[in-house]
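The structures considered in this document are given below.
Two complexes come next, and they have one chain in common, chain A, joined by chain B in the first and chain C in the second.
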Partner chain A sequence: MTAVTLRSFDGPLTGLRDTRISFNRRNVESGVRLLQGLVDDPSSLMTLARIAAGDADEQRRQDLVNKFDENVITLNRCSGLVLLEMISASGLSWRDIARIGQVSVASVQKWRRGDGMTGANRANMARLAAILQQLPNHMIGEPSAWLEAKVLPNVGVTPLDLLAEGRFDLVLALATGTDTKGEVESVLDDYNVDWRVIFVDNDFTVVKGQDGRPVIVAKR
Partner chain B sequence: MSNQLDAPKNYSALYHSLGEECREFDLRPVFTGDVFKTPDAKLWAVVQHPCTFSNGAAGVLVAEVVEGSYPSQKFWQGNFKKMFLPEVGDLHFEIMFGQLGFKRISELDAANRIVLLSNYGVNVLMQRWIYHNARVLVATSPTIHDSTSGVFEETEMLFEAEVSCVEAGRPEGEGIKLVTKWLDEDKPNRRGALDEPQLRPALRQELSALVKTHLMTA
Partner chain C sequence: MNIPLALAVVEVRFPESAPLTDDQVANLKKSLNGRFPIYKHEIRNGFTSTVNYELGTVANSPIVEVLHHFLARSLQTGATLTSKSLVVETTDYKSWLELKKMFVETLGAVNDIVHLDGYQRVGCRYIDEFRLEGADDWASIISPGLVAPSWNAGPQSTKLEAQMFQAIYSTDTVGITSTLRFGQMSGPPVIGSSDYLVRTNLPGESTFFLLDTDCAWQLPQGLPVPPVSIQEISQLSEQLHDLISSAFLMVTTSKFQTSIEAASMK
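Right, the complex of A and B next:
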């Protein structure tokens, strides 16, 4: 990590302001080039600001993951049955609990009846319980409902799908840093660069039929 | 969307339950993709869309299931007359769309179930079935999923309530009746709400409370 301090004139009231900008290994070369051209090309300042914002996002994401990890450690002290009750009270289905825990639905059924969990399974349940606890801190009032909803209309990916692939970090990123469509798309890029091909259907959609049940129709 | 049929990367994602595990779900109503072993030792898979028989139909279209070979990824792009069921224990099976039959629901209820597909597995089956019958390619995600996930949820709810009732010593069928009545009471809103993924957690919570109250009071 390389850091530079930029001193800029910030207006008559505040005067000079120092801004410390860090470059990670990936963007250090471009950062140095930008600094060299800074005096002659004011537009490069905007690019520099974007790099700084990206670093801040990365730092924020890491802070969230750290807080999440601490929460997991605390919850891991609970028994498997207590964790399972906490999770099911949120309204998640048993099959989704199984999918995220990477076990069969039958295993979850046995846990419900009091069969013991392995340490690894209990840790997985603690991770799921932790995310359910953390989401309300980010203005998500109904965590389970949010987890089951598509991340963007017409894109067949939900936060639950991300959890099932172990991408708790992306779910945290979605919960906290995605105020625009572009930011959600950036998270989807992290998940699967081909998401526009795999999880979007440009030809068909689903509407309610006359009997109230879903019907597949061609998009017009 | 892709112009190719789905080729699942992880075969275990196709399944809800396999082999002996299916015994845990004996009380689950018949659903698309279920594979049954009938008394004549033949295997049959339900291939119709779940909406076509979820409301008390007497029978359902089935396709014969035979042993096959392990499907590599490229197998999924062709072989349009089959649905692959790889890694069922040590065996690999194929649902043969050209070898159809008709089974009464009561016949299937009495047979042994050896495979229950996951919602994703049902979506892949439906994609291949539609393609085989109509030469139309529909994306499993989001389109087919949006047309199957509500009724998949309904079946899970029926099962959950039925198990709770039977475990509490109530007669078989009581849980199914309870859920069906509950869904119909508010018709079409509650059943229709099942098609909205973000409404499902609240419905599950409501149903769970209903079952508890029912078992305490009835």
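Right, the complex of A and C next:
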């Protein structure tokens, strides 16, 4: 008889069909390690399939990246204080700036008082400033609000989350060429192939029942 | 009460091989013709992004995956070959022996023609959808431990609207894991019909209890990729199926198992 033990990580699915139930495990997922093999999971092809090769947006996206590169190079010449002023002018909170910079809020406050940034921190801030400068060019009127909004209604991922993990590339991808749900899903695939398990809210929602108490119902 | 199995799958994954040539496809078609005379191919497009953080650049590369589907005339059973995997699946399950035979013979034919470099994962998966007519008294068919508790809310009556759970297990055999996904669901069936695998008598939207049992052996990190051995892969699939069988017996009540046996003998 084979003994089985409950374990704490997920793995790739067998076969061609992804019928994984959507769990909102984001808040309990810390420490969970996905199998390395998941990266090569052929089932992810099902979702990759939603982006067409030879995408007409490819050139537009490349132009965006080139523009971003130029902005970063230019902004790297600015002092840390100037970069912070530019960033804060966009409406982004100090807490969010600290999160993206992967430093404490206290560190950001020190920068504001004129304390020097390390080269890596300044490069991060230059990237953030560059993105914030660029977003309005892509029909994103309020960059800070856009960064805080979920990328899809039922997915617990925001562009801010991506920036906090250094995925400036994916935020650029979201800012352009993601006119359809499938395209956004492809960006999420690139972020984490298991996003449907980790970040998708349940297919069910809690609503106020007739008796005034919360009830679970299937989303329509 | 229904016979619940909606889909059964056996799969082997291998190091990526070169795309099939037209000759190889023709030979495979010829070799598999007795069992799978219908050939369809599917192209899935995607892209992958490579980020150069030093330069701050992003390069997007297209990915094109070709899936070769070899199907039975019923279109309910088929084998799908990609550059990384062979999947044999059916929505018309007769028995494990038949499914395993089909898998082993198909793998043998593929290996004869494609000469696979080795194997890295073997998986076996059964997806059951339990339906009860006019009731959701799952306790009659599902073990009490898996059914959400009834909730006496005092003067207010309660009705279970949804339940979901996933349990992942390791085993004492290195590399073998098992995942159970189960719960009461409402809506369309999780296994539908497609151009590449048909499910007949497709249930409409309804309440059902899902049991998705996925057992797999994965090559542990650090170990060399073993060469393809039909016998070893067959034995692995047998081990995985044993796990799935024990999961089914664990999850369902003896009353239900008796009913299934009776129904299958008719």
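Quick notes
What we mean here is this: the second predicted complex is superposed on the first by the 140 of 220 C-alpha atoms of A that agree within 3 Å, B and C clash if a C-alpha of one lies under 4 Å from a C-alpha of the other, contacts with A are read in each partner's own complex, and residues count from 1 in each chain.
Keep in mind that, in the parts below, a contact is a pair of C-beta atoms (placed from the backbone, for glycine too) under 8 Å apart; a residue touches a chain by one contact, two chains touch by 3 or more.
Source: prediction; values computed, not measured.
In the superposition on chain A, A:E183 makes contact with neither chain B nor chain C. Partner contacting the larger number of chain A residues, of chain B and chain C: C. In the superposition on chain A, A:Q109 contacts chain B only, with no contact to chain C. In the superposition on chain A, A:V72 contacts chain C only, with no contact to chain B.
Of the two partner chains placed by the overlay, only chain C lies in contact with A:R127; chain B stays clear of it. Residue contacts after overlaying the shared chain place A:A173 against chain C, while chain B stays out of touching range.
In the superposition on chain A, contact is made by A:L92 with chain B only, not with chain C.
Once chain A of one complex is fitted onto chain A of the other, the partner contacts of A:T158 are limited to chain B, with no touch recorded for chain C.
Where the contact sets of chain A with chain B and with chain C meet, they give residues 202-204, 213, 215-216. Put simply, chain A touches chain B in their complex at residues 89-95, 99, 104-106, 109-110, 142, 144-146, 148-150, 154-158, 197-206, 208, 212-216. Touching chain A in their complex are the following residues of chain C: 7, 9-11, 13, 44-49, 51, 53, 55-58, 60, 62-65, 67, 80, 82, 84-85, 87, 89, 120-121, 123-125, 127, 153, 156, 161-162, 164, 166-173, 176-179, 181, 183, 185-187, 190-191, 210, 212, 214-216, 218, 221, 239, 242-243, 246. Against chain A, in their complex, chain B makes its touches with residues 1-2, 16-18, 21, 24-25, 51, 118-119, 138-147, 150-151, 153, 156, 160, 188, 191-192, 195, 197-202, 204-205. The part of chain A that touches chain C in the complex is made up of residues 2-17, 19-23, 35-37, 40, 42, 45-55, 58, 61-62, 65, 68-69, 72, 127, 166-170, 172-173, 186, 189-190, 202-204, 211, 213, 215-218.
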